[in-house]
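What follows is a short report on a single structure.
Here the chain labels run A, B, C and D in written order, and each chain numbers its own residues starting at 1.
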Amino acid sequence: MAPVATPFFFYLLSGIMLIGGVLVITRKNPVHSALALIVTLLAQASIYLMLYAPFVAGVQIILYAGGIMVLFLFVIMLVSVDRVQRERQFNSQWVVGIIAATALGGLFMAVYTKGKDIFPEHALPMVESDNTQQIAMKLYGQYMFAFEIASLLLLVAIIGAVVMAKKRI
Amino acid sequence: MIAKLKGMYGSGIDPLTYAGQNYMVVDRSLIPEILQVLRNQEQFDYCVDITAVHYPKREKQFDVVWVLYSFARNQRIRVTTQILDGDSLPSSVPIWPTANWLEREVFDMFGIKFEGHPDLKRILLPEGWKGHPLRKDYDILQQDKEWVQINLGIESGQ
Amino acid sequence: MTDPNTLSHLDLETPEKPFLDANELVINMGPQHPATHGVLRVILRLDGEKVLGLECVIGYLHRGVEKIGENRTYTMFNPYVDRMDYVAAVSNGLGYCETVEKLLNVEAPPRAQYVRVILTELNRIASHQLWLGTHALDIGAITPLFYTFRDREEILKIFEKYCGARLTTHAFRIGGLQYETYAGFEKEVKNFLAFFRPKIDEYEELLTTNRIWLERTKNVGRISGEDCIALGVTGPVLRASGVKWDVRKAQPYANYKNFDFDIPTGQKGDTYDRYLVRMAEMRQSVRIVEQAIDSIPEGPIIAKIPKVMKPAVGEVYHSIEAPKGELGYFIVSDGSTQPYRVRVRPPSFVNLQALDLMCRGQLVADVIAVIGTLDIVLGEVDR
Amino acid sequence: MFAYIKSYLSSAQTPGAAGNMFWVLVYILVIFTGLAIAVMLMTWLERKVLAHMQVRLGPMRVGPHGLLQPIADSLKLLLKEDIMPAEADAFVFWIAPFIVVLAAFTVFVVIPFGPTHAITDMNIGILFMLGVSSLSVLGIVMAGWASNSHYPLIGALRSSAQMVSYEVAMGLAVVSAILMTSLNAEGTGTLSMIGIVQAQLAQHEWFIFKFFPLGLIAFFIFAVAMIAETNRAPFDLAEAESELTAGFHTEYSGFRWSLFFLSEYTAMIAVSSIAVTLWLGGWLRPFPNLLSGPTWDRAFSLFPGIAFLFLAAMCFFNATRMPKHPLFRIQTIGLAVFGIVLGLIGLILFIPAVSMRVQDIFWFSAKVGGFMYLYIWYRGTFPRYRFDQLMQMGWKVLLPLGLGVLILTAGVALLQQKLWHP
């Protein structure tokens, strides 16, 4: 399928992502923050789609927007919102914050100016329908070990969560 | 059985029969003990009902009635005692847990207090109700004045 | 047995709301709630979905029936008792009439006794049908409700033909019956029995072996026989806990001793056993009606009673086996035309006390099942 | 312009894949109108079928046999006052139903009613469907939370926990079906909805019968999970009216409530469509391998017409049974006219050119309709599960079963590829 108005959609989606991201940290009500985060994640999924990575986009929606955010909301709903709204929203570690932000900005700038070569001039021609297979090949071939390590980590995390949540087993 | 109890407690018990049904009028002071004995020794393990009757003209205004049943004997007995207005009785909740609501109802309707009841409060009527409706001196005008007109704001025309 | 002092009594003071209030939750159920069968209000204290305790708030339907009784003559009060357990009005009337008869020292003639038994047992079936329909509806099975109402209709038709009313029948009079049975009464009752017997199988087909029904009712709301007795719980609930006790057998009234029937009992005292016991009771009621309808004697339908009833001074307690349990009347006479005191011992009221015990440690969804299985009628609880 | 419109007609692609925006719009309009009508039909059918299962008549007053009842219902809902609780979180309360509706409707973008009858064909079709339909959980959670009331909150917690956990079993079942699509010469499967049906066509076998009984078990897992996903009986705990009055939408009324209602039925149709596509051969007619050949094709293509004629005959039959009272004259005539319309549609469907093009849609809808009937049937038969039992079923029965089926399917598929078709 031929790309339609790619730059426009790119800037639109990036804008939505940025606004969403800002809203996540500025909203006082945690549920509204979570909503903003969902918007951000959906915009991100759309950007994946534009990058001809439909599988990643789909997984992003299923896992993050559909799964993890529901769990987030679950926890948030059980927190009493009134009390949260009375609390101070930002801690005042200005110095550390500014240093971190400057460092991150510097990094971005460095990558953008010095490393222009690592970005290709034009998008690589890639067959859209191969995308899923490509990921599978990479994941279960080249990165098999990393994949298994990650799943093991998750297993440990699950067991840990169960142990912590359950008073007695 | 009643004869045995009579033998044990003497003049405090007045066994009576009406229409083939046995009941006994027991002195107020004997009540806790008699109920215990009936429950533990005479196997009256099922407290059918607790209720009261109001006799405003008598000095001891209230009859409090326990209706008991024994599964082992297949026998019913009623225990009645007479108490003064404002007098209280020991709660029989520790003997029969079912007495809980029954005593609350007696309290609600007659204003008889049961000492040691875990949660003696009105059961059928709302918390703020004035008076105890099953007393003979409680009439409908009183209810009209003190509840209907205040809380519902309507003229019931009584 | 749970400590009696902790039953039916909740500490409702909510502590300072913690930051994560995921643990304890106080929920109010009713009085306008579809599954509380009227205007029962239940305050639940939950740990997640687990019930820590509950308190019933009743009295929303209190009409002061006992006070009314003191201000009416014996005959005038008779229709009022129908309004207590309005799904089993005939049983209420039977209990009241028999108590006053005891007080007057008269006995209804045999023909009246037979008709009384037939109507009361039909009413028991109707009451159990209503229970089954609503109980199944609470657990989520909507279809049995319509089946039972279809069949209950036939019973109500018989009532209507007999006394003109379907629900609050006022079928009996003190001393016997007011009306002779209508022409074709016996045939219609027989037709009903023939029609109804396969219908019980139909209900059972839908539920008895239904996997979800079993999972929802087995081991739910268990109560032991001892706890039942201690809490004064009677009727099918008591029998499902393994206590074989039925007023009809233990202290026969009317002419129940002439009929051959069994007392169905359960073992575990859970909701499923109570379901089975009530289903079996419907079959037993059919048996009783069958025997009674075949042997109705001819004769007068009402005993000789004075026009103006003035029982001698005295007091009488009499109880019958209503569909819900032991329904007792305690009537004190002062020799006048009006009872000095009428006390009703309502089975629903006393049985409802067991709700707390039966629900502890269960889930919210089970509270619904247990309220349904207790088969309470708020008209009788509140009177 | 006209040429642009016409250029698509000879195409063998979906309008989305062909990039023809005009036809995409037409398809969107047709599908969404069709959905709205299907939902209305479904509400009528549910009430009627359930009523007949329960020895009653159901709606009888509005139109002959209550045929106009859905219209009356929807009008009533639209005219009702829209109440928002004073303590509710206005924005979240407002947006929640839209999220649910959006999720339920967006799914239909990729549902193939025929080889070319879909809005578009995505190569991640099934993934897209699962992903988008999982978004509706968000709407439910938000609706429950925003109502600021205990019952909706519990309802929302229940339904979201239920949907999240059944999604796992559902996903496993879906993966085992997708594995079956890879049994071709190249050994690569597909996630595209159209591709999945074409794989079944190529293998001459619906996946429900594939590797018997593995396909059947996977289908069974999906069939159970999809009822749980849509919060329908016997898994309708979230809206258990006897416990939680109405679950997460207790505080909603009027138009917003109708959105939840609409999305519930749309979601039912959507998941049924997934099941039909994955296991029941999508738009393929029954017995493609046993009764093959052009004669049978012709014979089966008559079915749409026959079905409509049958419905028309039902209408006429019931019209003759209407009471002969003058008050019922309009209703009788209305029913007869409805029958005539259905009959005419049926006759049009007998034209070979039409029937060959339309029969895909017919078979697909008929299969989905079968599922819809099952939904109603379950509701009439089963009591409701309790929450812990539901979770137990999801995690302790369906999930291991799904894993086992997945592994076995993979093993058998591998064996088949390596041994029989090296």
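Throughout what follows, contacts are C-beta pairs under 8 Å (C-beta built on N, C-alpha and C of every residue); 3 or more make two chains touch, one makes a residue touch a chain.
Bear in mind the structure is a predicted one, so any value in this text is a computation, not a measurement.
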(message) Using only Cα atoms to place each chain's centre, name the chain farthest from chain A.
(response) B
(request) Quick one: name the chains whose C-beta contact count is the highest of any pair. (result) B-C
(message) Report the inter-centroid distance (CA atoms only) between chain A and chain D in whole Å.
(response) 32
(message) For chain B versus chain C, what separation do you get between their C-alpha means, in angstrom?
(response) 24
(message) Between chain A and chain C, what distance separates the C-alpha centroids? Give it in angstrom.
(response) 61
(request) Round to the nearest whole Å and give the separation of the Cα centres of chain B and chain D. (result) 64
(message) Can you pull out the residues of chain B that are in contact with at least two other chains?
(response) none
(request) Would you pick out the residues of chain A that each touch at least 2 other chains? (result) none
(request) For chain D, jot down the residues that touch at least 2 other chains. (result) none
(message) Give the list of chain C residues in touch with chain D in this complex.
(response) 25, 27, 33-35, 49, 136-143, 145-147, 150, 206-207, 210, 212-213, 215-216, 363-366, 368
(message) Which residues of chain D touch chain A once you look at their complex with the stated criterion?
(response) 16-17, 19, 89, 91-92, 95, 122-124, 127-128, 130-132, 134-135, 137-138, 141-142, 144-146, 153, 156-157, 160-161, 164, 167, 188, 190-191
(message) Show me the residue ranges of chain A that touch chain D in the complex, using the header's touch definition.
(response) 1-2, 29, 31-32, 35, 38, 54-55, 57-59, 61-62, 65-67, 69-71, 73-74, 77, 128-129, 131-133
(request) Going by the contact rule at the top, pick out the chain D residues touching chain C in the complex. (result) 50, 53-56, 150, 154, 233-234, 236-237, 240-243, 245, 379-389
(request) Show which residues of chain C lie in contact with chain B when the two form their complex. (result) 1, 4-9, 58-59, 62, 64, 66-67, 70, 102-103, 105, 229-233, 243, 245, 250-251, 314-317, 319, 326, 328, 330, 332, 340-341, 343, 345, 349-350, 352-353, 382-383
